[in-house]
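Letters are used for the chains, namely A, B, C and D, taken in the order the chains are written, and counting of residues starts over at 1 for each.
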Amino acid sequence: MPVRITKDDVDIAKLIEESKKESMGAIVVFDGIVRNDGIDKIELSAYIEGATKEIEEIVADAEKKFNLLSVEVIHRIGVLDVGDNILIIVIGAGHRKEAFGGCEYILEEIKTRAPIWKKEHLKDGSRWVEQ
Amino acid sequence: MPVRITKDDVDIAKLIEESKKESMGAIVVFDGIVRNDGIDKIELSAYIEGATKEIEEIVADAEKKFNLLSVEVIHRIGVLDVGDNILIIVIGAGHRKEAFGGCEYILEEIKTRAPIWKKEHLKDGSRWVEQ
Amino acid sequence: MKIKIKFFARFTEIFGKEAIFEYEAGETNSLKDAVGAFCRSYPEKYGEVFTRDGEFQDYVLIMHNLERIDRDDAGAVKLADGDEIAIYPPVAGG
Amino acid sequence: MKIKIKFFARFTEIFGKEAIFEYEAGETNSLKDAVGAFCRSYPEKYGEVFTRDGEFQDYVLIMHNLERIDRDDAGAVKLADGDEIAIYPPVAGG
């Protein structure tokens, strides 16, 4: 399944190995992680059906635009600690430019379009992140 | 050790986990793999000391230029099969733009500067790759 | 007419996670009309989603049956029984 | 004077992997002179690395004690006993 919104973490090495095809020369992985900006934990919530559909549309666009051979997107939800994976994108393509281009495109589109939100839990309360 | 030229494969998931720092928000991985362009096997050779030094200089430049928090570069040598990893770059940074920028910079510089060569083994002979 | 309205992120804290909204469909029966009628039952919070003139606030995002709807088109989107509408603030995933 | 000259990739197939080259240092004793003198002992293959005018071919890459040397500077680089020189064709890593 190329798009998953899930509480569970994933095995990136396994995603890479399973992505491989004979015509592939480049794999690019983006792993967005919880950065310590003075936060205690971060809580991610999503409109799961809506976000899945938006991301599937983004992926379909990217596959055509960048001639991608494989795409996996895993967006996590739930309460996460500093250092935990939030978003993992694994792109396989014939050549490096396509793989980088596709990965950055999917990432930027997810950030602006997918109905997913972050709430930062601080020592003294919490706040919604609005980008 | 941030730069390694080696016959051995590496555990990408372990490299990612070991790279993580509290101030890190993005990790980008490039994994260059042997593509089946009608080849049987590919043989990589290197001027190991020369290539290590060149790549270390490239990494030092990139760390400054893109404000990188961690860099691992593993370039494999020896005889490799289709689908095998050739070059693995793992970059950690505060933000995604820095991580992508640093990863692409290091990759392009390695391709033009590091004394490493490929020889393609075909069904009926072999040929040096000259880019 | 029965529709489902889902709210997300900070809107959940105001309007709840989701509501089944049952109403008498008027002549226009647009998405904007229906969500407006629902939000008017929270008079103190109506302004979070709508302007005084009854337009969606310019930071509000809308999905109708999993399709993104432009705010400016919300008055033209006709609803059918059982439709699902999602109303949410700017996203922050990734 | 004793220097080590290393060859890589297809140059290895011509000149071997590495050679200890012992010679009488002349007045200039430049990197270009030394590598030129060594390669001249392979008259049929000299042209792989040098032009007829004794300049490095424009695809040849050079390292001197692990430092990259510009072809055009190779006549100005002085050698010392024990120096290591690497001569190689265009790279193709990554």
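The rule is short, and it goes like this: a residue touches a chain if its C-beta (ideal position, glycine included) is under 8 Å from a C-beta of that chain, and two chains touch if they have at least 3 such contacts.
Please read all numbers here as calculations on a predicted model, not as lab measurements.
K.L.:
By that same contact rule, can you tell me which chains touch chain B and chain D alike?
P.N.:
Touching chain B and chain D alike: no chains returned.
K.L.:
Using mean CA coordinates as chain centres, what's the chain B-chain C distance in Å?
P.N.:
Here chain B and chain C have centroids separated by 50 Å.
K.L.:
Using Cα averages as centroids, what's the distance between chain A and chain C in whole Å?
P.N.:
Roughly 28 Å separates the two chain centres.
K.L.:
Need the CA-centroid distance for the pair chain C / chain D, whole Å please.
P.N.:
From the centre of chain C to the centre of chain D is 75 Å.
K.L.:
Quick one: which residues in chain B touch 2 or more of the other chains?
P.N.:
Those would be 32, 107.
K.L.:
If two chains touch, include that pair; go through all of them.
P.N.:
After working through each pair, the chains in contact turn out to be A-B, A-C, B-D.
K.L.:
Sort out for me which residues of chain B touch chain D in the complex.
P.N.:
Chain B residues touching chain D: 32, 44-47, 49-51, 53-54, 75, 86-87, 107, 110-119, 128-131.
K.L.:
Which residues, counting only chain A, touch chain B once they are in their complex?
P.N.:
11-13, 16, 20, 22-36, 82-83, 94, 96, 99-100, 103-104, 107
K.L.:
Provide the residue numbers of chain C that touch chain A in the complex, in ascending order.
P.N.:
Those in contact with chain A are residues 6, 8-10, 61, 63, 66, 68, 86, 88-94.
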